[in-house]
Structure formats: structure tokens, C-alpha cells
Amino acid sequence: MIVVMRPDATPEQIKNVEERLVELGFKTHPIQGEEKTVIGAIGDKKTLSSEALITFPGVEKIVPILKPYKLVSSELKREKTTVRVGSVVIGGDELVVMAGPCAVESEEQLLLAAQQVKEAGAKILRGGAFKPRTSPYAFQGLEEEGLKMLSRAKEVTGLPIVTEVVDPRDVGLVAEYADIIQIGARNMQNFRLLQEAGMAGKPILLKRGLSSTIEEWLMAAEYILDKGNDQVILCERGIRTFETATRNTLDLSAIPVVRENSHLPVLVDPSHSTGSWKYVAPMAKAAVAAGADGLLIEVHPEPSRALCDGPQSLNPENFEILMEGLKPIVQAVGKKF
Amino acid sequence: MIVVMRPDATPEQIKNVEERLVELGFKTHPIQGEEKTVIGAIGDKKTLSSEALITFPGVEKIVPILKPYKLVSSELKREKTTVRVGSVVIGGDELVVMAGPCAVESEEQLLLAAQQVKEAGAKILRGGAFKPRTSPYAFQGLEEEGLKMLSRAKEVTGLPIVTEVVDPRDVGLVAEYADIIQIGARNMQNFRLLQEAGMAGKPILLKRGLSSTIEEWLMAAEYILDKGNDQVILCERGIRTFETATRNTLDLSAIPVVRENSHLPVLVDPSHSTGSWKYVAPMAKAAVAAGADGLLIEVHPEPSRALCDGPQSLNPENFEILMEGLKPIVQAVGKKF
Amino acid sequence: MIVVMRPDATPEQIKNVEERLVELGFKTHPIQGEEKTVIGAIGDKKTLSSEALITFPGVEKIVPILKPYKLVSSELKREKTTVRVGSVVIGGDELVVMAGPCAVESEEQLLLAAQQVKEAGAKILRGGAFKPRTSPYAFQGLEEEGLKMLSRAKEVTGLPIVTEVVDPRDVGLVAEYADIIQIGARNMQNFRLLQEAGMAGKPILLKRGLSSTIEEWLMAAEYILDKGNDQVILCERGIRTFETATRNTLDLSAIPVVRENSHLPVLVDPSHSTGSWKYVAPMAKAAVAAGADGLLIEVHPEPSRALCDGPQSLNPENFEILMEGLKPIVQAVGKKF
Amino acid sequence: MIVVMRPDATPEQIKNVEERLVELGFKTHPIQGEEKTVIGAIGDKKTLSSEALITFPGVEKIVPILKPYKLVSSELKREKTTVRVGSVVIGGDELVVMAGPCAVESEEQLLLAAQQVKEAGAKILRGGAFKPRTSPYAFQGLEEEGLKMLSRAKEVTGLPIVTEVVDPRDVGLVAEYADIIQIGARNMQNFRLLQEAGMAGKPILLKRGLSSTIEEWLMAAEYILDKGNDQVILCERGIRTFETATRNTLDLSAIPVVRENSHLPVLVDPSHSTGSWKYVAPMAKAAVAAGADGLLIEVHPEPSRALCDGPQSLNPENFEILMEGLKPIVQAVGKKF
């Protein structure tokens, strides 16, 4: 930690800060510049709210030196983490596509979608049984009934299931059915849900909050690893910006940034980020080229009749075309498909 | 709802859209412009996912006409809602200040803070027992023990209590102690928590999510009113922008925007938004001048030793100065204090 | 400047960085922490592109310690700068209101507006002769003809004139007519225009760019002061965020932030920021309460027929009501009107 | 245009709006819904400030139906525009890489860089002679001397030149030396510069403003086409968001959005957007996969000594590796290299 003193800080103010730092267990190294004094403080305790030093008279700012996360950090663990779901490995040399409808609407719809995405090459089936919706009047999901349908779709197709949980009270229930538990963007900082899910013994797909920095996203993952579960898959799904031509702005730079700072695998969801099926294919290709470990794509047998997120869902034909179109890109980046 | 067709839409595509609209229960009114045809559709059902029409061939965009919220709307109820907590009325002609420490740290700290803010004129005591923290290594609150301390502070000072709940499983517990249940910014779209809190029979203080539009904020309140509870107080606490000189950007324009569109009272939290105690007083005054119904302010007996949010907490002296400074502004806008 | 080395930086990498720093004229103070080494470097030359050190092997990040601006800084000059325009003093103990139409449309329109705003208490007349418009098909202003009309309005009413310049080639022309030269938000980083305007011998009103940080805004002012002109008035006019209920988000926190870091006076433009005349009055009051030195307000004799920015223009009646409503707030903050 | 009336609008208010629309030359089509009346107005004149209708009593909002741009629109011209610079064609089936240093620093530096990027496969040389810098104390470019060096580098290597202009007074000078004139992000809405450059008879590279919507970017291009020049290349270079891990957020979704709405070719600048050379390669690959027509990349013979943008410049070795790495991606999307 570096404490920067104001140019008009008095020697006594500097001394007070040093004393407080020593009291907090730091070793101090003051450096007197031409305009300002800065105090290097060694021995950062992450749990310490040393930020409060900013309220000391004469202090201009506090500059943290250490990263706030630890277990998710590539400084701690250099080799990439792989997440295993049945025979599927996420984070290895294979590009993994998870696909399916936004919401489970009926057994027919789900089974049809499952077979369609499997035939086109998807390895994991997605489908929401609990849907967090902006409006209380929108379709909120079939809940446990939906989970059962997912289970039947898994039996029929053999595809493992990723599905979202929105309430800590449902984690146990969802964990019974899901192969991967999804924490959605709106719940990325629902810390109780993170902790509960972290203890469920299943891999977690953690979507980035739509206004979360990459650092906050890694801190959210840290909550899960802190519960003893390192099977975490990150998923970039667009951030909120001023641009309105797309639903959110897909931040593909997050892929190399995560890669540099963490050992966790990272997927991209081109459906929610763009909000329009027309933009899904180019963004899916871009994500693979940027180094994503996989994709999460919404596919609906008949998007114009979808109860949720129809505008951004691919129909089965377009999904098949996309999967074909991805192949040369996957090869170009040296991955398998 | 208005459906705008592309300039190259064929008569058949237009017909298909009209037929689908009729099938969905709308009356259609096509208008043929020089370049484009638009179809007015009367009979919007809010629960209908008519957005999926965008996937029909030839459709360029869908323009909703009706507002997505209903119970919170000033179109439904013109007179302002007042929220009553003991003898305190929020949303009336009195400016209500809620103050206290970010987190309950100990009985001594809380009692001292409670007496200090009461003396200075605060009407309600704030203090967090459950703290949602970005880092799993940060102080997470004293939980039930903290609630008990709040209860004792209430006994001693007579001040009603506002405190946050972060988990639907804790709503019952928090409701036993709290006079007002706070839903924090990170949980504004934690819909299960909103629903549970909406059924607890206590007034709700609903903070705006840091990347939520005002419309989404009102939709979150709609979740609570939909459970039969209209005792909702909105609280603007800053939104996330590119500016880093302040922790968030306080959006005071939200006050007149909420006033125009809703009957619910609205408070402002100048502490979390600015992130610096130095900016709390000018922003508190600005909030009152803009028409806020009250303020939520962090005050700590010794901010430099606070376990949470020390940098933005006022010490008791500065809080007293602020309360004095507010008086002429409160008078100027015709409110009582 | 502080150079933070990566945890895995080798002693040789640290030595290389130190040598380069010495070569660049710095004195170095390495501090070895438990996880990382940081190097304090004294002797920051502002003109030096020391940021390139980040490309040295083993370097994690560079933390600047000194502020990038100097002449505008409150560290250099503590007493507030006042800007004098005839008998009007901006930055003193008087709240100065500048008002008038967005664009000069005709002599009749301008004279009428000028008399109306003068009667209501405005001290300076605003009106655009050169209009930067998003669309090439929108009204671009009357140019020199408009400047002449402003001149006649000044003769008739005695009100000094503030008007915008958008091209370095027009600075001389505009300076002949204007008492204050306005640099608009879109041109805040049009550095050639800043330099040219800085040499024109007239006070400058510098609007904040709609996506500029406060630091960048102060750096833009630094360009003007660097040309020997310290008669600069800053003007906050809203920043671009995700919120769409208002045209931009008025960042009133900028007032205390500027006050802390600079000696320059700061105005607020509640018209452009909100984009709606209904929100102008509450935001104007809030700006005064937050400590603004003045206001810039759009007033049009008949807003529904304005060629530019009609939706956010007050009509004369509402402007008069606003001016009345401001009085108690101005008094409450200890200013004159 | 659709005018949405408030639910409490009186028949007389509706009639007033209709009359004003007729007066403005529109044909009106009122539709009476259950809650609100909307008025379809046919005959939109783009130059008309019909937005001012919002100030009429009873009007809730105005919804424009037509796009504000025309000449740049894919509705007007379906086939993609190609821009020819010597033997290089931008917007065709070849991926065009423009590379070179941020700033021209010396003849040696520039010639070395030019030869290095040529050998690696770049088709056009970039280099700034006029540099818009946030700080007045930063290196501002060699100006005409720099242009002459670019000219010599072109003679030696045969590479056409792209270089920036920042002042309308310099357009003639820059046009003498440049094969493509660049309008930088900060000047995207410097309309005078756009107009002057539009008349210079050279292709224009128009960077997206860092806080500009795609619609505003297309409107800026419209200013150039309106001057009779359709040789415009768009260049996405990152937008300003809350994320700080990268300098800006590269918005690759802009590629398919531009493709859908315009016939102009679009490049991507992965250097300025990420601000870090480490992220350039993955983002360059992603841009190609998303369908970009080319790339603009900063390469410096010795980035750690660059006077400008060293942190994001590739050294020649890494640029060569990137160009090799791009080949299979270029092939995968069916382009030539």
C-alpha cells in the first residue's frame, strides 16, 4: 500500500499516518519527493479496512499495490483450471458449446431444442427453469417442473445440463438436477447465493454482472473458491454502456484480461450481450478467435413464439450454420471442436 | 405497440405480421408512409412477449407505447404515497434524515453514533448487520447480534431502525427488528428477495442499482407493490459511470424523473454515491433543493477506525454542521425539518 | 511515480527498471514487500512519457503520484479566480445566471428573449450563432449574421454576450462580438480551438465534454491557461451514461470535486444535461445548493417553434418562476443574486 | 414519426397537436388505444425540428421512425463501398492491415518502422504528425516536418500513408502528403473538420468517438458524404465505459451493426482500444473473425522509448507473430491477406 500525502501535509500529519500504519502492523518506508511525501507500507492485510486512512488529515490518496483476489489469481496457480462435466472438459483444448432455449417452456419445446442443438454439435444443454425477469408480469419459469424436463432431456440426449439458480433456498434442488449451476449476471454479487452454490459440490458457471468490472467478477469467483470449490467457469455476457444498438456491449477484451490474471476458464454468451440473433454468429466467431474456452448460445425451435428472449435466439437452421462456420475459426486458433 | 416494417418489407410480410398480431389479440392499424409501413397495435398485454415479433421477416423494430410498470405509476395514483414509521412520515412535508454507521461494529459504537445523530436531528437510525461486500475477506457484519444491538439503540434513543437484508431466508428475522427493511443497490434485481421482503409487512427502502435505469428501478418497486405492500421508499445512491473522481455518479435528476412518473417518495444517499465525506454536505444540500423527501447519511463516531466505508462517513461534528447547513435549504424549498 | 513490479520479477528486471529510471533523471527508492517490489521514483517530469516503462519486462503497473495539471490547480493558487465581464463578476459572492435561446434564429426572436431574460434577472445573454449539430441536415446557425444580432441585443439590453465558437478560423470573428467565448462540450478536446481561443484575450466558458473525466476537463482548461489566459469559467452540462430518462446525467458532484482541485469558477447547465424543460428548475436549484457559481439556462420566447433544443428550453413565464424560486436557495447558501 | 399522447390528454390537446402537424406538412393518422392516443405522422422532413412538439400540452413522447442518416445508409445503397488507395482496396475481399508508430518521432524511427511493418505484410503505413494530446505538456507531433518524413517513408517502401489531421486549417497541407486522411476519435464531431476533410479529394478514415453511439458515428460520416466524398472508412477504436482493465472497451459488435446499416467498410484499431500491447493480438484476431475489413495497429521499433502510446505498441517481432497468427483466421472467414 502506498499512502500519498498532500503537498501541504505537515511533518506532524506525516508522523501521525506513519504511527497509525505501524499500529496496524505495517512497516513504513517514507519517500520525500519534491512536491509530496509518499509512504510505502509493507504488510498489507487484505482483511484490513486500511482505506479509512484516507480520512487522516494531510492524506491525499491511498494506492493499493496487491490485487484483492488470491485463490482465483494466476499469481497463485499458473496452470489453467479445467472443469470436467461427464466426458466434457471445459478449459482444455476443446471449444465447448452450450446451447438451448432461454427458458424451459414445455417438454416438447425442450426435447426438440435439445435434439437440435445436439445434432449441430453442442456438448451441453442450457435452459432456464428459474428466470429472473425485470417485470413481475413476465414469465418467471416453470421452476421444479422445468428442472424435471431438463432431466428428461438429459436422459434422452445424453447432454449434461446447465441451469440457473436465483435463490439460495433453491441451490440444493437445482444441484440435484444440474450438472453445472449457473449464477446469472444480476446475481453476480448476490454473495449469499455465491456461498451457497459454492458448497453444492457442482461446477459453477458465473456470469459477469452487467456493470461489474473484471476485478469485481474475479472477486465474486473468489467467494466460490473460498468455499472450497475451484470448478468455476466464467462467462462474459456484455456490459452496460451508453450504446443502444445492441442490448449490451460484449466486452471481448475481458478474455485476454481474465487469461492474464486468472487460471479459470472463460466462456462468452453472444446472445444476451447483443440481444439480436443477427449479431450472434459474428460475435461467436470473434469470441473463439479471441481465445474463449466455449460459448453459451440461445437456440429456440421457433424464436418468434419464445416466451423469453425470442429476439436473440437462433433458430435451429441458423445454429447449424453457425456451428459449421465456427469450425475453421476453431481450427485456426488450434482448438478442437 | 408500434411495429415498424423495413423499407423493403413485402406486402406479404406486412400481412404476416398483421395476422400474428390479430392472433395475439391486438387490433391493428397499418399506416403506409413514403418509405416505411408502421403498424399500430392496440391491446398491449403487458405479460405478452410481443418483442419476439422482431424476428418476423421484414420487421425493423418494435416500439412499446405503454409504460411497463403499473402499480408504482403516477398514471394510476396521482397523490404522493406517504410512508409512516412510528411518528415519522416520509413523503410528506418534512425532510427526513436517516443517519448512522455503515456497519454495526459494537454496542458502544452504535449507541454512541445513535445518540450523536439523534442530537443533531436525525429521525431514523441506519446501521448494517448484514453487509454485502465485494471481497469475501472483508467484514461481513455482526448479523443477528448486530440486529440486537440496533434494537437496544432504538430502546435507548427512540429512533426507529432501518437495516439491510441480503438473503430471502433472513427476511423474517430482519423484519422482527427493523422498522424499515433496506434492499441494497446490489440486490435491486434480486427478485426473490424483493418478493419476500414485499410480504414482510414492513416499509421497504429500495436503493437504486448502481447500473439500473430509473425504469428498472420502478419495475423492482413494482415487484414489492405486486405483493400488496405500497410502503416503498426509493433511494438514489449513485450510478456507475466512467468518472473516477467520485465512487459513483450521484444522479439527482432521478428525483424529478421519479416524481413525474411515480407516487413513491424518494430519498438520496450522498455518502455511497460520492464515496468521500468531503462531498457529502454539498450533495446533501443539492438533493434537498432538487426535491428529495429525505437523506440517508453515514455517520461514524470515528471514521478513521470504521470497519466499513470509513472514507465516506461523516464524524459527528461534521454531521452536526451539515444538519445546521441544511436548515435554510429545507426552508427554501418549503419543507419542515 | 511508483513502479510496481510483478511478483515474479527477477532481480535483474528490477535492476533494469532502476537503471532506466536513473537514465530518465529520476532518483529511485526501491521498497521490497513480501510479495512485490515497488520502486518510488522522484523527479517526475510531466512532459516525459514515462508510461512506456510499463513495457519493461517484470513491470506490473505504473502509478503516477503528481496531478497532471498545474496552472489550474488549487495546489498552485489557493484563492478562487474571479472572471470579470463588464460589471458582472463570476466566481465571487454573486450567483450569475446566463440565459437565452439555444440558437439565434432572428433579430425579433433574440431581442424578445434578451429582454425577457433580463427582466427576470439574468446578467448575461447566451445565444448560438455557430451550432455544432449531430446531423448535417439540421439548422447550423446564422453565423456572422447571428453574431451581429447578438451585438444589437447587447446594445438594446446592456447584457454582455456569451456565444460559442466551433472553428479555430472563427475565433477572431467571434472574439469581436462576444464578451465570453464558449467552447462547447463536443470541442472540449479540440486542442487547436482551445489554444486559439486562449489567445483571443476574452474570458472562456469551457463546457465539460460529455464523456470527459473531471481530470481531462481540467487538462483542457490547462491548455487555455498555458496560453496566458486565466479567465476561464468551467461549465458542467451532463455526462453520457446508460440512463435514457434524461438526455445526459448531470454530474453535480463535479462542483465540489472542481472546488477541491482547482481555483476556477464553475457553472452548471441544467438545460442540456436534462434535455427536458420540466427538469430544469429542480436541477438549477440543486446546482446552486451544491455551490455552483452560476447557471447557463436555455430560454426561448416560444419553445415549441424553436429551431434547436426546443424540448429543453424554458418559456419566459417558467424562467421567471424559476428565478423567483432560486432566490431563497441563493440566500440559503450565502450568495447574492 | 409517432406522437404518443399522455393518458390524460384532452381531445383539444390532441386536436392541437394534429393541427400543428398538418401545419408542418405532415399527414396525420390518429389511433385511439385503450389508455393512450398515438398519432402517426407521415412526411417526416429530416431537417425539421419536430422534436419541439414534445413541449405541446398532453404530449408524452415523440418516436422517430426514419433513420436520421441517408447517404451512408444501406437502405440507399446495398452494395458495399470499396475504397481504393493505389493498388490497395479496402472493403473488398482482402484484409488490409495499416500499421506503424503512433507518432512520427524521427526519420530513422519512421523508416525503420515502415520497413518492418512492410516486411510483415502491412499494406499501408500509419504515423501521426499532428497529435491531439490530453496534456499541453505532452509531445504534440512534428507537424509538417513529420509529414515530410512520412512522404520519404512512402518513397522508400512504396506504402501509402494514413495520417491524422486535427485542424481545418491543416487539411490542405495534410492532403498533399496523405493517401488517407484520418479523423481521430476526439474530432469525430468536429463538424468543420469533417466538412473540410470531405472536400479534400482524399479517402477519409473516420474513427468512432470514444463516447459516440454508432448512429452518431454514421451521422458524422454523413457530413463527409454530404460533401460529395463517399470514400470513407469507418474505424472502431473502443468506447468509454466503467471498465478500467483496458483503456477503452473495444466494441466489436459495432462491426455487424455497421454492416447491417451502412455500405461503408469498417476497420478495427485494437491498439488504442485496449491500451496494452498484450491484448492487441487476441483482439485483432477477434476483429477479423467478426468481419472487419482491416486493422489499424501501432508498431514501434522500440516501444519502451516511444514518445507516445508506448504501452500499447507492438515491437516488430510481436507484430510479425501477430501477422502470422492472423493468416488462418483470415482464411477461415474467406478473405485474402
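By written order: A, B, C and D. Residues from 1 in each chain.
Throughout what follows, a contact is a pair of C-beta atoms (placed from the backbone, for glycine too) under 8 Å apart; a residue touches a chain by one contact, two chains touch by 3 or more.
In this text, all values refer to a predicted model and were calculated from it rather than measured experimentally.
A.B. asks: Any chance you could name the chains that touch subunit A and subunit B both?
C.D. replies: Both-contact set = C, D.
A.B. asks: Compare the contact pairs of A-B with those of each option in A-C, C-D or B-D, and report the one where over half match by residue number.
C.D. replies: Duplicate interface of A-B: C-D.
A.B. asks: Would you mind pulling out the distance in Å between where the CA atoms of subunit C average out and where those of subunit D do?
C.D. replies: Centre separation, subunit C to subunit D: 26 Å.
A.B. asks: Using mean CA coordinates as chain centres, what's the gap between subunit B and subunit D in Å?
C.D. replies: Centres of subunit B and subunit D (C-alpha means) sit 38 Å apart.
A.B. asks: Provide the C-alpha centroid distance between subunit B and subunit C, rounded to the nearest whole angstrom.
C.D. replies: 30
A.B. asks: Quick one: which residues in subunit B touch 2 or more of the other chains?
C.D. replies: Residue numbers touching two or more other chains: 211, 240-242, 244.
A.B. asks: Hey, which residues of subunit D end up touching subunit A in the complex?
C.D. replies: 211, 213-215, 239, 241-246, 249-257, 260, 273-274, 278-279, 282-283, 285-291, 328-329, 331-333
A.B. asks: Can you tell me which positions in subunit B touch subunit D when the two form their complex?
C.D. replies: 2, 4, 7-8, 29, 31-36, 38, 40, 42-44, 63, 65-66, 75, 240-242, 244
A.B. asks: Which subunit A residues qualify as touching subunit B in the complex?
C.D. replies: Residue positions touching the partner: 20, 46-47, 49, 51-56, 68-69, 132-139, 166-169, 186-187, 189-192, 210-211, 216, 219, 222-223, 226, 240, 276-277, 303-308, 310-311, 313.
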